[in-house]
Structures are given as C-alpha cells and as structure tokens.
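Next up: some structures, all given as structure tokens.
Each of the next two complexes has subunit A plus one more chain, namely subunit B in the first and subunit C in the second.
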Partner chain A sequence: MKSLALDLHPPARRRHPPQWFPIAALTPSLLVLSVFFALPMGMMIGMSFAQTETFSPTLEHYQRFFTDRLSLAGFCRTALMSLLVAISVTVLGYPVAYFLARSTTRWRAVVFALALAPELAGVVLRTYGWLIILEDRGFINDLLLHLGLITSPLPLSKNLFAVVVGLTHVVLPFGILSLMTSIQGIDPNLERAAQMLGASRLAVIRTIVLPLSVPGIVSSMLIAFTMSASAYATPALLGGAGFKVLATMIYEQVLFYIDWPFASVMAMALLLMMLAISFVGVRYESRRRSRASVSSGGER
Partner chain B sequence: MNALDIELVSVSKSYASMAVVRDIDLAIPQGEFVSILGPSGCGKTTTLNMIAGFTAPSRGDIRIKGRSQVRVPPERRNIGLVFQNYALFPHMTVTENVAFGLKMKGVRREEAAATVKSALRSVHLEGMGERYPRELSGGQQQRVALARAIAPRPSVLLLDEPLSNLDLKLREAMRIELKEIQQQLGMTFVYVTHDQEEAMAMSDRVVVMWQGAIAQQGQPADLYREPNSRFVADFIGKSNILAVQTTATGQAHLELRVGEGVILKARNTEPSAEVRYCSIRPESIAVLPPGAGGDEFANRLDGTVRRVVNLGAAFEIDADLGSDVHLHVLLRATRASVPPKLGDSIRLGIDDADIQALSA
Partner chain C sequence: MNRLISILYWVSLGAVLSFITLPLIVVVAASLSPTSAVTLQPWEWTGRWYADLWSSRWLDPFLASFRIATVVAAISGVLGLFAAYAVVYERIPGSDGLMSYLLSPLSVPQIVKGVAIVLFLSMIGLQGFLGTPALIAAHVVLALPFVTRMVATSLANFDANLDRAAQILGANKLQRIRLVVLPMIKPGVLSGVTFAFIISFNNIPLSVFLVRPGDSTLPITVINYLEYSLDPVLAAVNVASMAFILTVIFLFEKIGGFSAQLHGGSK
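Moving on to the complex of A and B:
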C-alpha cells in the first residue's frame, strides 16, 4: 500500500524526459572525443604495431625500444622524475592543505589564492622564471658566490633537480586541492578528542589526521605523477638538451627523425606507465573502501 | 565540603562585540554531577569549550584543582570529553580507541590493556574490543566514547549533549547508566544539555544558563520548586506564569493581583524587587467541587473548564478564572478522580507556598 502522504498528492505532473534524451545529450561530446581523441589514439596504437613500409603487423618497434638503452633510460628517467615530483608535491602540499582545511581566519583566503597562483602564470613564463633563479649565472648561484659560500656555481639547472623543482611548482596546486578535500572530510572533533586524550598537536597529526587522509595522499601522488610524466615544456626548458624524458623524446622522434612508429611506441610506453600507476592507486582506494565498508558505516 | 575540582571565576567570552558568556562564577566540588542546562545559544557550549581548553576566556580565570588553566593547552588539562557525535576514531578498533589516551600518557602496555578491559566492562561492552566503531550501533558507540574518555582517569569528565543522538528509550536507559557510572567512579561530571528532563534526572546540581549568564543554580528539586525567574520557571518543567499587576502586602501574605478581581495569596518572603510574575506548577493545583470547600487552601478560585486533555496518567485541564486569567491544572488519573467536563464550573485550591513570586 502506498503511504497516505503520497496518496494525498496529485500524481506528479513533471514530465520525464524521453528515453533517447540522455543519449542525444551525449552525442556532441562523444563526436568530438571520437574524432579528436579515440581516432588518433587508435591510429597511434595501430602505428606502433605496423611495419614502416608494408604496414604489416610487427613487433619490431617494440623490440627496438626495449633494446635501446637511450629509450629505456628515458623511460626510467620519466618514472623517477614523476615519482620525485609526486613525493615533493605531497610533502610540501600537505601542511598548506591542512592549514586551508582547518583555518577559519582571514589568512585562509590569502593562502588559498597564493596556493593557486602558480596556475595563473603560463607554463613558459613560469619555467623561464625558474631558469633565471636556477641558472649558473642565476639568482641563487650569484647570491651564494657573492656571499663567498661557494667558489663555483652549483649545478642547479639543466638537470633532474631543476625539472623536479619546476614541475613541483606547476603541480603543487593540484596536490594541495586534493589533499585539502580529503582533510576537510575528517571530523575536526576527532582531532579535539585526541587532544583531550593527551595527544600533542604533532601526535594528533601523526595518529589521526595522516592515517585518515591517506586517500588524499594517494590521489595527490597520482595526479602529480601523471601530470609530471606527460609534461613536455618544463623538462624541455629546465632539463636542457641532455635531459630526455618520454615526452621530449616523442617530440624528437616526430619532428627530427620523422619516425612516427617509434614515437608511437614511446607514447604507448608512457600511456602504460600512467595506466599502471593509476591502476595501483585505484586498486588501493577500492581495497580501502571495501575494508571500510565491512568495518565501518556510520552516521557521518 | 569537598575540594573544588573546577572553579570559574567571573569568566566572560566575547567574539568581536558579541558577549557570548557573561561573568560566570561557578564552583564544582569533586565528585559532583553538574548539568549546565540552557536553550541553544545560551553560552553553555562555549563554557564547556573554555573548560576543555579549546576556547580561551576573554576575561576571568578557570581553575582545575586550584590551578589556573588559562594558559594550559587541552592535552595537558587531564579532562575527559564525550562529544555529541562521539568522535570515535574510525580507523581504530574499539580497544585502540579506548587505549588511545593511555598510550598518549605513556602507560605501559599490560597496564593499559587491563584498564581498557575494565573501562569496557564498566560500559558493558566486553567482547566488542576488536570491532570498528562503524560496526556498532549508536548506543554502543556512545558507550565506547564514554569508556575512551574515562579510561585515562581524568579528574573531570565533560559531556556535550552525549545522549541527543539516541532514541528516546535508549536515552532514558542511558541516563540511569551514566549516573551509576559516575557514582561508581566518583568522578566529577559536567554535563551540558538543553534537555531539562535529562538534567533533572541525573544531576546533583543544575546550572541554568540563559543569554550567556547563569540564571539560577541549585539542586534539581529546588530549581523546580523555587525558580527565581520567569525564564527558569518556564524552562524547567511546565508552569502557569501569570503577569502580576499590583502587589499588596497583607497580614501573612503577599497579595498578587493577576487580573480583574483575581488575587492570589503567596507566602510573604519579602521580595527584594517588585514582583512582576508568579509561577504555579500545574500539579500543585487541587481540583475541588464547585462552589464550596477547600478551606485548607489559602487560595480558592472559581472558574470554568475550557479544555480537558487526557494524557493517560493525568488530565490536563484548562480552567478559565475570568478576566483573561487561565490556569493549567494537572489532575492525576486515579480510580477515584473524576475529571470535570468541558464547561463545568470548578473550584481550584492552591496552597500559598505553591505560588512563587518572581521579579524577573
């Protein structure tokens, strides 16, 4: 039997949209995506398996990739660079995210604006800014030389360090936002409860906030890793000619060597690296969720 | 008299220019169950937060066991706090939750395990130690929160509306249990609530707060019998509150005129200020046969029945005494009592001691 309350109301007059409507609404974006994303993607995958002249299926490009030390070094360099950025973004972003999640003062707005500020400057501008600071004749080296702390310039630019610094700057806001969302989801009363039980501020962070913000840490690292692995401009400009990652190597293959199949293989390698990392992250998150749903539930 | 556990000395708190708590003086002896009772926005939660250490008072001093706490951070005040939403750590088992405070204090593991066990026993949750908070019902979570707060043996336990998320039956059962636990532990409990029944049922002393200040404090029975203001009379229990037009001092009585020709005789307690209201509890009014009798009462008032509501255990009668004066009367439903009917004339008898003259 229907409830009395329902019976008292006239049947809903609101017309339901017809069945085809959701599909129709999807069509434009589906078209754009299939023409400009799925199609090139398919072509790229196809090309990576195709013999250069005859277009017959072959694994020769992959074989070349896996036996070429330069390619493999680029692959590993990409992974290392992305991992370092992921760690530094998360470590540097965490305190800021915590502040943004918990502060109620007017400083919050200021810090929030500052945290997002890197995204306002274009990537080239930002990168050249770092170059000015990190160069051999740049700000930091000039200052240190002037103070007599060093006798020859420190190798701050044209290397992994410079690229990690530059990328961290670019990616940091995304890390902060994902960490902040996660920390905001933690009931502040938990921190107060821990404090009442004798935990110092540091102990509260260690025992309560950090364990409960692991999902945010994972997503911050995932975002930072994938953004770094696919970044082109920053490694190209800050890394110098000798610093090769997959993104810059793909660019070289296409523009200088005009070797599209080999570029496709590198793109596939990059794609698989990011898919693997995302898969690990998603798996972790779903495992944690399923564990939480067995052992949790709750009213919040 | 016992040693004082908590003292608040003219404590005030204001945000910007808004005074939230005004000049509170409160002394809580050791082992007492004190309720801070008031409607929402009365400043009771701010007061609790100041005792806990989350909010610093704008003025005044807070002392625990004689020591000023104003500069002491919450984690070093040795106070327990039970939250309204329990605030259990979701990533820890019940045992880990209860052991948390002991771990933070550096209690040895075996000793902590024994303490956790006895804390869980005292809230009847033995054998639940390995569960996670969300596997528990609301009532069980409440008990875990209580066990967690009492396990490190704080000198004072603060409770912030801990029962308000439970259903009525459970809430009533928990009232009795909380009181028993408090007596067993001999711990000072400061219980913040807006529920006057809860406060009355458990407390040794009730502190009624209104608009940031203490309106009245005392034993529950005294507050009920002798409210000092219209607010307290109205907030605690039900009461007939009548506006007093003029006051005359008779031989033995204060004569309070509450309407044209309706004069109530109250005990002459020599009020310090002008009497503006009087309060009469509905159950203290006797229903007499119309027109005659009731000589033992100082006040005999004739009226007409306007409404009778059957409450099961009692009848609530609305009696019209004329000239716009109404009294609600609670007539206990016994085998002998025959409730009057609508439109009946009745006579009401009120003892002079049952009329409380109020000046605010």
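Moving on to the complex of A and C:
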C-alpha cells in the first residue's frame, strides 16, 4: 500500500528521471569502444601520418604507398576482385532471388534453406571445400583428366579465379537476400499485364523486372563489393602468394615485416575504398528516394 | 522462345543451387574418405578422422574458442543490453550521436580493426595482453554493435505503455526492467547473444592478429594447417564445428521458444 501511495504521482518522477541510471548503463560500452576501438583507430590514423623516428607529421608513408608498384598492384587487385565478385554474385543470385520472391510452392522453403545454409557453415569450411575442388589434383582437374579433356591440370587455384569463386560463394546469400527483397517489392500484376498484352518472357524480364529491381541490384553489388574488399581468409587460402590483396598484404606487413606505418597506410587505403563505396551507395539511395517522391507527387 | 527462356531459368537456378551446395558436400565427403582427394573412384568410408578429433591438438583450440565466445557473448550481451536501454528507452540527451558512436565499429572492416588493436597494444607495451584477453576485447568490439542494434530494434518495437502501467502499479525501476522490459525484449537479446557467440567462434580477420602460439582459436588453427596441407582431419574439424554451431543456434532458439510459449501460456 505504501508503494502505491508513493507512485500516485508518476508525472513528477517522469519529469525528473534519475539520470544516474542511463549514464551508468552506458558507461561500460562507451569505455570498451573508446579503449579498444576509437583509441586504436586514432593511433593507427596518427601512425600513418607520423614520421617513424621523430613522430612529426608527414605524408611520406602515403607517398611510399602510391609509388610502390607492389602495393598499388595490391590495391588494384582488391578493387578488381571485389568488382568481379559483385558482378558474379548479382548475376548468379538473380534467378534464385526471383524464384524466392515469386514462388508460392513448398519448394520455396527448400531453396531458401539451401541458399542460406552456407552462411552457417563458416568461411573456413567453405574455403576448404573450394580448395579440394579447385586444387591441381582436385575434383575438377581429376574429372577433366579422367574424361580426357585435358592432359595437364588447369591452374584453378592460387589465382584470381579461385578467389572470385570462393568469395562469390561466401557473399552469395547476402546478394540473394537483397535482390529478393527488391523483387518482392515489384507488383506481380505488372508482369501479368505485360504477358497478357503479348510480351514474351524475355521482354517481361528485360523491360519490367530488371529495370524495377535496379535498387536491389545496386545494393547487392555494394554488399558484395564491401564484403569482398575486406575479406581475409578466402583470399589468403585460395589466392595465397599468387594473388595478394590489401587484406593479406596488411597481414604480412604486421606479422612479417613489422612495418607499422606502412600497415597503417594500407589499412587506411582499404578503409577509404570501403567508405567511398558506401558513400556511393548512400548517395544513390537518397537520390532514388527524392526522385521517387517527386515522380509520385507529379502523378497526382 | 518462351520455352527456351523458361528452360534457361530452371537450368540456371539448378546450377546456382549446386554451386552453393557443392563445397559443403565435398567437405563432408572428404571428412569420411581415407584421403583428402575427392575423386571419382569409389572409396572406403572411414570415421577415423572424427576419432582423431579427440586429441589435445584439436580439443585445446576448440575449448579456447568456446571459452572466448562464451565470455564475449556474455559481456557484449550485458553491455549491449544496457547501452541500448539507456539510448533507446531513456532517450538521454544526444542519444542519436551516442547510437552512431556505439554502432561506428560496423563501418570499419575487421582487418582494419585488427591492425588498429594490435598496433595499439604493442605501442603501449601490452604485448602480454595478446592471446585470450586481447581476443576477448577485440571480439567484444566486433560483437557489441550488433547486439546493441538488435536490442535497440526490439526496444523500439516494445510497447512503452506496458512499462508505464507497471510504473503506475508501483513497480520501481529495477522491478520494471526485470519483470516487464526484459521478458518483452528477450528474443532480441537472445538472438544478439547467439550472434555474438557465433561471430566470435568463427572469427578470423581479427583473431589472426591477436592469437599467440599455444593460445589460438579453432578457425586460426585450422587455416594455419590449411596453408600447408589438405589433411582430411581438417574436413572433420570443420564439419564438427559446423555441427556445434548448429547445436548452439538450436539451443538458443529452444530457450527463446520455450520461454515465449510459457509466457503466452501464463497470460
């Protein structure tokens, strides 16, 4: 009864809530993130601009990065690899996403489970699978040799091809999900109407489904690009010494050459590449939104 | 023409689905075959690679990963819960800025976070921190934003009138959190904790900088072996660790599911 009487005036307490509680609740998280994320990031950025001995500000490490053929090649390889993965994820993911968006049969659940199952398996397991398949004495070469189609094993591993295949497999579920969401947003009646008016399947896909799913295509490519550019394990195992990207080169700089400033510059290059791509995505999204609101306003 | 397009569509669907499942099937097959080579010749099935897993060579890193992932899930679960509660529910001043700060690690690639942390530790002379303590700290930084975001989403969807009703009925703040808010956002918290456990357990890009000999996680031990050989025991390790992850997901789902059912029954 005592507490009831006390709480008959909740508005007064609402107006002056005890401020210590949210502050106490937030402090541990802010502390952990500041000590183990913000501070290290600040240090790394500072390191990339600091002279090695005197710690005076300098751009010499960046200069070294942009004049060094090896690191520039690594940067370009990362961009090329990520672009190829973005394209292959979107192309391969499209039919699956279309099926998932449109099917109403019970096969939908099966395909959905199959499409997302790899995500639970972890990157190492899948990469190991691709190593077995693509190796010089692996599954594919064994098959082709057996059939007499080739006489010596094809170079399928430790190169761009292997890395793109492996990363496509890693990223595909994410691409499928973003394409699926976008295709689900297209009114199926548009397709039916076009078909009734005599459009061929190809024409329906080309003039209705594809143009309307461009936002999904863009987001699938962006996700695939950023995930690939920052991937470490797949390029390390499937590319190895034959195909070095920024992520694996950063690792080498840290653990073998112990060149902190250069590792920091490479990490900055990777970070900036990612931020630039995300920025493109954000710009595209906001322009699309504003265009959509203008055109729907015009129709009325 | 329509026929051709539709055949092409089904063929491509089948091809992509086989592409997705092929490596998984190959690994399972390799884990049961005498050699790592998956060939067309028939082979004798063997379970000896699974028997080999019961040695300290694989059990130690497994237990290390398990320990780290458990601690990471617990810490990031509690911290994320409190942080999301403070920012979303209490709407303290500057909550938007605080939320973006809490989520900011998400926009930095893991490998960059890894470099930053290892550089930081060696600059301040804390190399002795490498191994389990550094792994836990780094994984918490990685998992915390995910947990915070998941809890924040479920808090945003939670009907604040329930909390007000409890307040009017005389519940104090801690009682309200314990008896009203927590049960309502439990699914969000549980999925956040499960997610934190899995990303810590499977993590490579951060761990690769922070392990040290004798104090390494399972995925790092596996990729270090993989660089030199395709030993089929690695296939068995991978299949077993995937089975373990599936069990964890299943168990968490059960906890959430059961409690939700009990909750519904008590109404």
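FYI, the second predicted complex is superposed on the first by the 261 of 300 C-alpha atoms of A that agree within 3 Å, B and C clash if a C-alpha of one lies under 4 Å from a C-alpha of the other, contacts with A are read in each partner's own complex, and residues count from 1 in each chain.
Operating definition for what follows: contacts are C-beta pairs under 8 Å (C-beta built on N, C-alpha and C of every residue); 3 or more make two chains touch, one makes a residue touch a chain.
Since the model is a prediction, treat every value here as computed from it, not as a measurement.
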Which of subunit B and subunit C A:Ser200 touches, first, second, both or neither: both
Partner chain in contact with A:Trp260 - subunit B first, subunit C second, else both or neither: second
Contacts of A:Arg288 with subunit B and subunit C, given as first, second, both or neither: neither
Subunit A residues touched - subunit C or subunit B, whichever exceeds: C
Which of subunit B and subunit C A:Pro22 touches, first, second, both or neither: second
First, second, both or neither for A:Ala247, with subunit B first and subunit C second: second
Common interface positions of subunit A, toward subunit B and toward subunit C: 200
Interface residues, subunit C side, partner subunit A - complex: 1-2, 5-6, 9, 12-13, 16-17, 19-24, 26-27, 30, 36-40, 79-80, 82-83, 85-87, 90, 92, 98, 101-102, 104-105, 107-113, 115-120, 122-123, 137-138, 140-141, 144, 148, 164, 167-170, 172-173, 202, 204-205, 208-209, 219, 222-223, 226-227, 230, 234-235, 238-239, 241-242, 245-246, 249
Interfacial residue positions of subunit A with respect to subunit C in the complex: 3-4, 6-7, 10, 17-19, 21-23, 25-26, 28-30, 32-33, 36-41, 43-44, 47, 92-93, 95-96, 98-99, 111, 114-115, 117-118, 120-133, 135, 137-139, 142-143, 146, 169, 172, 200-202, 205, 226, 229-233, 236-237, 240, 247, 250-251, 254-255, 260, 263-264, 267, 270-271, 274-275, 278
Subunit A residues touching subunit B - in the complex, by the definition given at the top: 187, 189-190, 192-200, 203, 207-208, 211-212, 292, 295-300
Touching residues (chain side subunit B, partner subunit A) in the complex: 52, 54, 73-76, 78-81, 83, 85, 87-91, 100-101, 104-105, 131-135, 138, 148-149, 152, 165
